[in-house]
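Two complexes, one shared chain (chain A), two partners (chain B, chain C).
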Partner chain A sequence: MKKKFFHNEERTFFFTDHAVPILFLIIVAAGIPLSGYSASYLIQEMLLRLSRDSFLVLSLLVPIMAGMGLNFGIVLGSMAGQIGLIFITDWGIAGIPGLFIAAVLGTPVAVLLGYLCGKVLNKARGKEMVSSYILGFFINGLYQFVGLYMMGKIIPIIKPEILISRGYGIRNAVSLVGIRGALDKFLDLKIMGVAIPVTTYLVIVLFCIFIVWIKNTKLGQDMRAVGQNISVAELSGINVNRTRTISIIISTVLASYGQIIFLQNLGTMNTYTSHEMAGVFSIAALLVGGATVAKASLVNVFLGVALFHMLFIISPMAGKRLIGSAQLGEYFRVFVSYGVISMALVLHAVKARAQNARQRIQMRTEINAEVGEAE
Partner chain B sequence: MSLKKRIFIRIVSISLLLLFCVFLAYIGKQHSLLFDNRNKMINGSKYEARYLYNVSVSGSDPELVEIGDVIRFDVVGPKHLVHVQILDEYENVLREISKPINLFFENFHTLYLPLLAEGVD
Partner chain C sequence: MEKMRRILLKFIDEAGWPRIIIGFFLFSLFAIAPFVGVRIDTSLKDVFVRVGMNGVMVLAMVPMIRSGCGLNFGLPVGVIAGLLGALICLQFEIVGMTGLFTAMIISIPFSVIFGYFYASIINRVKGAEMMIATYIGFSVVALMCIGWMLLPFTNPIMVWGFSGEGLRTTISVQGYYQDVLSDILSFRIGEHFYFPTGMFLFLGVCCVGIQLFFKSRTGLAMTAVGKNPDFARASTVNVDRMRTHSVILSTALGAIGIIMYQQSFGFIQLYMGPFYMAFPAVAAILLGGASLKNATITHVLVGTFLFQGIVTMAPSVINSMMESDMSEIIRIVVSNGMILYALTRKELYRR
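== the complex of A and B ==
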């Protein structure tokens, strides 16, 4: 007898579990012919955007593993990376050396901010996402204070062209011309007219290996145990707070590297706004890939970045062709993408509630059965 | 591993990383090379800007420096070869000079072309 690919129940679960990526796939599939872009253009754009954003999104995986949800605190890491970039721009260090030094300068700042974030999130157990989101705003205030007041006044800045005309404070837009495409073009492969930033992908592959490796270490096992059940992890002797703090530190440090990779691709930095969207965009991409607050994998990362950014590419042109206005297409993208993300979060909450209810019923049935047996 | 040994290894690792960063800063430093074709007075001697110059740095496209002009080349790294063609007023090549230059951590380095033409360092 032929074996069925899906049983009815399995099929229902498959579609409810993967509702968001399936919905996005349908929207993208409908939008591609409407946009009228050629396949080579779409592939080129996709490869570029995957190389630009994947690292930032990957940095979200570690806290999810530790049960801390989606870490909006990667904004803190982004700020740390940007501080490194400001310094190398000021010192005039270009290319790969510049990127490396920016990462080295950003690391201690990211560790410090990650530690702070971890401590705060340990105090706000169960409300990690909203806490890290608000913490991002708080640290953004400090970052602005450092960038607008301290740099050039207390922290010496040599190049007047990156300072505001009053003599202190970093300009809103800083040109990263020295490091523009430094990593992407270091080893550039062209296949059928499509440029592939090989070095950036190698770095991303290294990161993926790191994620797989850390899962199998003692720390990774601890993180998974904490992620599954804090009380059980505590009872089994795991230092829960320390494990959670370390996971946030790792995420923040990696986010700072991710932001450096992101900005070297763009070649320009909006000092006070570039980091703000890092968290929201990365989390949106991850959710679009089918991840949830409690579970995410490497596949979710790449699928999410590809789908989320495909919508970015096609929506203005599809909107222009469909409605006659690129701006409306962009509004449509914002509406659809964030609507779908909200739906993902709501679905997750509903599913979690349903699962809890199922567990409660199951427990009650088991207890009743045991009581019945005892009687 | 004892605490002392651990601290020692950490300090050595950080020091090595910092040293590596200094090396990277040295090889990745951007410099602005200024080519000055104006009259220059040094130790009471006056060097007049009498020629035009075609200047190229490390194989870049040559740029013409007219009398009274200062042009700028942005370069990365410590070692460069400056190639200068000395031209007459009709832009005929009179002489060619190649000069290797080593840069350290300075942002700007000025080469006075009248002095270069006279062979003064």
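== the complex of A and C ==
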């Protein structure tokens, strides 16, 4: 009797746990034939987008490990990366050296912003996600101030092409012609007409190894302990605030590299909007892959990016074929990306509450049993 | 002297540093304005008009904060209900004061239905309401983008001219109900000052209504739920029911708020228009001194005035000083800074 009960429970959990990826698979499976794209086109696009986005999404994993939820603050890292890119474009450094110097310039900014984010989130325990989200907006304001008013006035900019015609402030769109595809095309392989950006994938693999490695270090263990139960971790002598701050700094720095990789693939940067997209899309992709606020793995990342971007590719065409309007397909995609985030957040919150209630009942029965024994 | 110091410290403690800094900032903006060629009377008119425009939407924060559901980041849900009311009113070409109130009345059943569903989600995710509310708002706005393209509205001023279907992104309410409320008993002083009395009367009625509601049995129960849900449950208050009521009330106020906004602004904004509408309202009430758990009508009025004051004054003064448009940046920094402050502040209970 008891066994059957558990069996049922596990089965229901399978569906609630994987509801989001399953739903997405269904949508995408229905959409692919509707869009009418060829298999080779889809594979090419998929490989391209996986190489472009995976790094950014991977940068979300570390804070989840530390129990801080989805780090909407990767937007801060993206801004740091973009600052690096603005400078190398200005100085005319192209190719791999350009990317490298952009990363080097972005790192201290990202560390600083990550530290700030860590401090803020430590003050807002239990409300990390919404706080990191608002912090993203707040820093965006400062970033706009630096970009629009200080660049070219206080911070010297040599090239007038990247400045707004009034003489200061960075243009809304900056062409990254010098580093376009620098990493992707450094070593690329063509298999049956499908180009594979090998170096980018190598960098991503390195990152995956880093994630696996950090899990097993002292720091990683601390993070997981903090993630499981803050008060227990505190009692066992872990410096909780420090661990949390470090995890956010790592995430922010990696996000800045992620944004650099993302933009070298695109080849143009929307100075004031590119980073905002980075946050929302990466988080949506991770959740689509079946991650939750408390648990995410490498599989979730790649599955998520693949499924989420498949929807990106097919939705305008499918919308056009189905209802005769590409715009409608586009709105549908926007709705699905926000809907998925809400659904994943709701499912997680519901499950967490159920778990709490179960624990409480269990504790109560244990106490009752003890009291009974004592009597 | 000692007494003065104590009073000052008490004031600082109660008002909070951000509010004092922003208050001083606003005051200095008004002080500088005449010297840089910005007319005080014009600015004051703008501030008053904007306070009237946004007041009800800020008021929509109160019920949810009171019942412990946190800041209503899902305000767009109410805004959508209001938009539906406004569009239906335009579709049947109901003009003037009748039009305005018809729009409000039509929007209420929508907001009850939407609010009910919104609340049923919010009640399931206690403790994580704010993030989820934000995303519910976004999802609803995105879903309605599809709706605006497909709903069978036909009034030529609303739909795209060339295709005859799909609503426009902005629809003018001129000739329908623009300024019908603002102009009641409104008066002008000199050439530039104008006071939208009607709008303030309406805002006042709403505020008094909410104040009275919170004195009623249901209202008190709602506040009790917000203060301590376990205690409320022990005193036989149905917690989830109270929370549902508060969400519905907030949603309905959001709907009425957006119609008020339109009658003064002159346009209905569809598609991605309502996307970020919650943030200024949230920032305003926090600026007024509300916290995540407590909000009063005073917070609403003070906050709206301070926030709209900054938003109106800062660009015009700074522009004429430095000849550059920093309004957007100041708005972003002030509003989000305020929200962050509230999120990171330790909740202190005063009993």
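Following the convention adopted for this analysis, the second predicted complex is superposed on the first by the 365 of 375 C-alpha atoms of A that agree within 3 Å, B and C clash if a C-alpha of one lies under 4 Å from a C-alpha of the other, contacts with A are read in each partner's own complex, and residues count from 1 in each chain.
Criterion: contacts are C-beta pairs under 8 Å (C-beta built on N, C-alpha and C of every residue); 3 or more make two chains touch, one makes a residue touch a chain.
It should be emphasised that the depicted structure is a prediction, and the values quoted were computed from it without experimental measurement.
Once chain A of one complex is fitted onto chain A of the other, the partner contacts of A:G178 are limited to chain B, with no touch recorded for chain C.
Residue by residue along chain A, chain B and chain C are tallied for touches, and C comes out ahead. Contacts of A:I101 after superposition on the shared chain: chain B is touched, whereas chain C is not. In the superposition on chain A, contact of A:S342 is made with chain C only, not with chain B.
Once chain A of one complex is fitted onto chain A of the other, the partner contacts of A:S131 are limited to chain C, with no touch recorded for chain B. By the document's definition of touching, neither partner reaches A:V62: not chain B, not chain C. In the superposition on chain A, A:A80 makes contact with neither chain B nor chain C.
Looking at the shared chain after the overlay, A:I249 reaches neither chain B nor chain C. Once the two complexes are overlaid on the shared chain, A:W91 sits against chain B while remaining clear of chain C. By the touch criterion defined above, A:G141 lies against chain C but remains apart from chain B after alignment on the C-alpha atoms of chain A. When the two complexes are laid over each other on chain A, chain A has no residue in contact with both chain B and chain C.
Taken in their complex, chain A has these residues touching chain C: 120, 123-124, 126-127, 129-131, 133-135, 137-138, 140-142, 144-145, 148-149, 325, 327-328, 331-332, 334-335, 338-339, 341-342, 345-346, 348-350, 353. Only residues 91-98, 100-101, 104, 158, 178 of chain A touch chain B when the two sit together in their complex. Chain B contributes residues 17, 21, 24-25, 27-31, 76, 107 to its touches with chain A in the complex.
Put simply, chain C touches chain A in their complex at residues 73, 121, 124-128, 130-132, 134-136, 138-139, 142-143, 145-146, 149-150, 279, 324, 326, 328-329, 332-333, 336-337, 339-340, 343-344.
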